[in-house]
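All chains are identified by letter, namely A, B and C, in their written order; residue positions are counted from 1 within each chain.
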């Protein structure tokens, strides 16, 4: 098991390095200049040159690249061009917020989406099924920022249940929880839609299989059939989809973080793009890529838990 | 399912309980700013509006503009109590106020700090504003309470570059030396408020400087929140979570805010003047008739109507209104589409003319250019906008890649600064001393330099006016309108002075400001 | 379908020039002449929605088509040829897959500038890899089947084998996926516009219109609502289409 995990992570290393290389050259070839953003629009050429030197941006691109790669290979992501602080610590400051948001959304998605999907499959073409399908299509169709603003209008402006700027204060866990509620619901609803859709269709598929029909014809109660026999097999596509859409979720969390003004990778990346903070962008892309690698690994491990046949492979 | 519902209900109940716990009896001012994060609190390096606004609360200069004004003729003492000048006006001696304390426990401010700070502001390696101090030959401290500044030639406004604006903000030497790179987020001055904490991507908290030399501020804390999403920021103001909000510079926003209860909309100077700079060296703009046609085709009144008369006013010259030396009646070209068409036909573009320019995607500037685009279309000029994001825009126009450049700016309110940066041949983009002369114009060099040399105030003003007339006639730029600063605050906040203008682009909160 | 059609016919259907501005009609309420009202520039919203749909659908359709062609070809080739080529292609796909769609979109568009071309590029880049994967898997199984072996024995060329025998087996899956990716593409365009990285104004796009609308959400909500509804209808349609395709391609469900 452990060797499997290690092997998978090792396989991911070249991918991560490739991502880094692509991002490195891409951001540097693109127009825009961090020195200019640091100094403002009245800065003289002289001042800009001084900052270039200070940031090491005046060196040949290849030298910068080799320097950068050797830093990375030492397990360091370097310093932010703008804040001069280690990228690791900048990311570590906000990463927990993004993770807690995504995980909560995931839990909401699975806890609500799975039973709904199964119920919809059992009552195929009945009112419940249609309602669930319409809801899931709505969830899939709404861009995350539209629903986010709707939530704010409803719960913060009309009902006053939550503040608009949900700020987590240090040393106040309750404030952190309350800051999480609306953003998590916003992302969670999207996840519910995805999970429900897949749970429904894969359940339908499994229910059509011979062994289920046999069990049913033998008089095994429907509930037992569903939970004991069908669920395990129906879960595999669900897990695949959850794993796949976790990427979508992370993407949508950028929008959610901006509308709800939460700290997180999303705000960090938008800010670094505006400031042309090359090193920070490179760091963030690696983090994103790494998260995806981990998610894929977890997805595969979960298959093993659900289906022993996969484990033996 | 029921279980979940009851958990949720309990949860919401707990939150409601938590929300009703009374806040401490402190006076905390919550501010909402349209930015994702801090750039820098170092006053010698702050480039953006979000950073400038906060700097205004933390620092002093040797002298200052009266709070709420930007008139260089009524500059008053700040850290300096008084000053004298030599007969040739090249040596200025400032006598410092005694007992001024640096914030955050960095001790008493001395002449040494002032010398250090001004030298730092003149150092191009550190400061964004070094060019303002190019004429300074020496800064020294004859004793602990006196600072002497010598110039090789008199700059257009000596007091102007020593105010609480940009390089004139005085930083405390010990703090700069001790904090190093951290000075960016922990900057120390002598102002009414001092930095308490900074949470990246979220907020900055300032705390009142109880030892402030003009008296302790009546507001205890200022929480400056970074809220990049316009919709969210407005909603937070509506719900009462922020008391002072950075506004969108448009009519609709101002009107809506005005209609809210307990809300005051602040519209104040400086006006950021939008000029379309025309590159007179590039075809077809090298033909004066084409440039005149553009000037005649632009309808300034309509632009102001679009931008909203609440927050914008028509340009009066190629430099902003109200500066020392502005020609309030410059011979601008009136709106005359027929004449524009005639001029185009004369220049050989009777069948239409196609122009392209690089344009930022920044919505306020893009809107402006879209309106101009529509106006030019009416006289047969097809203007193509090559839209790029803001950083790219700034990089490309400085490489002289666009034949027309829409630039919106406010500067130290003395005609010389704007004229030099935008229309003196020294400042032409691409030159080593480049600033922001995108038009490549040099027709007024003599007048601009002449005005600098003279000590005769009347003659100086006359030269500045002549420069503006020449540049206007040459159509180096087509001035459009001035965009005023727009903020809004709840009526429980009182600034304590009349806010007509603020060079930090945000309302200054100081020891006179109160919050009920 | 109706939406696609009306977007295609926009030049003839829309009552006004989508770029025509009128100060007096700023944020005006709907009238008979302007059935959906006017935006903050006094432009006709109905016309802008129709034209905006053209751009939005153009961006997403082109992006997805390119992704299908490139991704599908790479996937089939990789599966058919196998070996080192397969490994390299799939490794490249892994690199592309390792960034979330929106993040990739942000990076490309923020760095290169918000133009239609770059937007298409950004969406295509993220969509290629899934199509390559989905095309490769069936190719691997079909390749081993008897009729392909037989064809090879008869001396048919590789290209012919791929086009005639493998392609039809892959096409179903690709279509299902294409409908869903179209939806994703439209949403990505809207999201980028919201962050301020959409197609260059004054060109109308739905995302850009929603963004402009949200600036005035409290006093003139219709500016944001109409384009949102337009997106909703298209997404709904595409998802239904995807579902429909999936149901017909799955014989078990068809029989039930």
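Just so we're on the same page, a residue touches a chain if its C-beta (ideal position, glycine included) is under 8 Å from a C-beta of that chain, and two chains touch if they have at least 3 such contacts.
Note that this is a predicted model, so its numbers are computed, not measured.
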Checklist entry - Which chain's centre, taken as the mean of its Cα atoms, is farthest from the centre of chain C? => result B
Item to check | Top chain pair, ranked by number of contacting C-beta pairs | outcome: A-B
Checklist outcome for this item: Rounded to the nearest Å, the gap separating the Cα centres of chain A and chain B is 39
Checklist entry - Roughly how far is chain A from chain C, going centre to centre by Cα mean, in whole Å? => result 21
Checklist entry - Taking each chain's centre as the mean position of its Cα atoms, how many Å separate chain B from chain C? => result 42
Next on the checklist: If a residue has to touch 2 or more other chains to count, which residues of chain C qualify?
Outcome noted: 110, 113, 214, 217
Checklist entry - Which positions in chain A touch two or more other chains at once? => result 30-32, 149, 153, 258, 270, 274
Checklist entry - Touching two or more other chains, which residues of chain B qualify? => result 231, 238, 388-389, 392
Checklist entry - For the complex, which residues does chain C have touching chain B? => result 19, 21, 23, 26-27, 40-41, 110, 113-115, 196-197, 200-202, 214-219
Checklist entry - What part of chain A is in contact with chain C in the complex they form? => result 14-16, 18-19, 22-23, 26-27, 30-32, 137-138, 140-146, 149, 153, 201, 204-205, 208, 247-248, 250-252, 254-255, 258, 269-270, 273-274, 281, 285, 288-289, 292-293
Checklist outcome for this item: chain B residues touching chain A in their complex are 1, 4, 11-12, 14-16, 18, 32, 36-37, 39-40, 45-48, 124-125, 127-131, 181, 184-185, 199-203, 225-229, 231-232, 235-236, 238-239, 241-242, 388-392, 394-396, 398, 409, 411, 421, 432-436
Item to check | In the complex, chain C residues that touch chain A | outcome: 91-92, 94-95, 97-103, 106-107, 110-113, 183-184, 187, 190-191, 194-195, 207, 210, 214, 217, 224, 228, 231-232, 235-236, 239-240, 246, 250, 252-253, 256
Checklist outcome for this item: chain B residues touching chain C in their complex are 230-231, 234, 238, 248, 252-253, 256, 302, 305-306, 361, 363, 366-367, 370-371, 373-374, 385, 387-389, 392
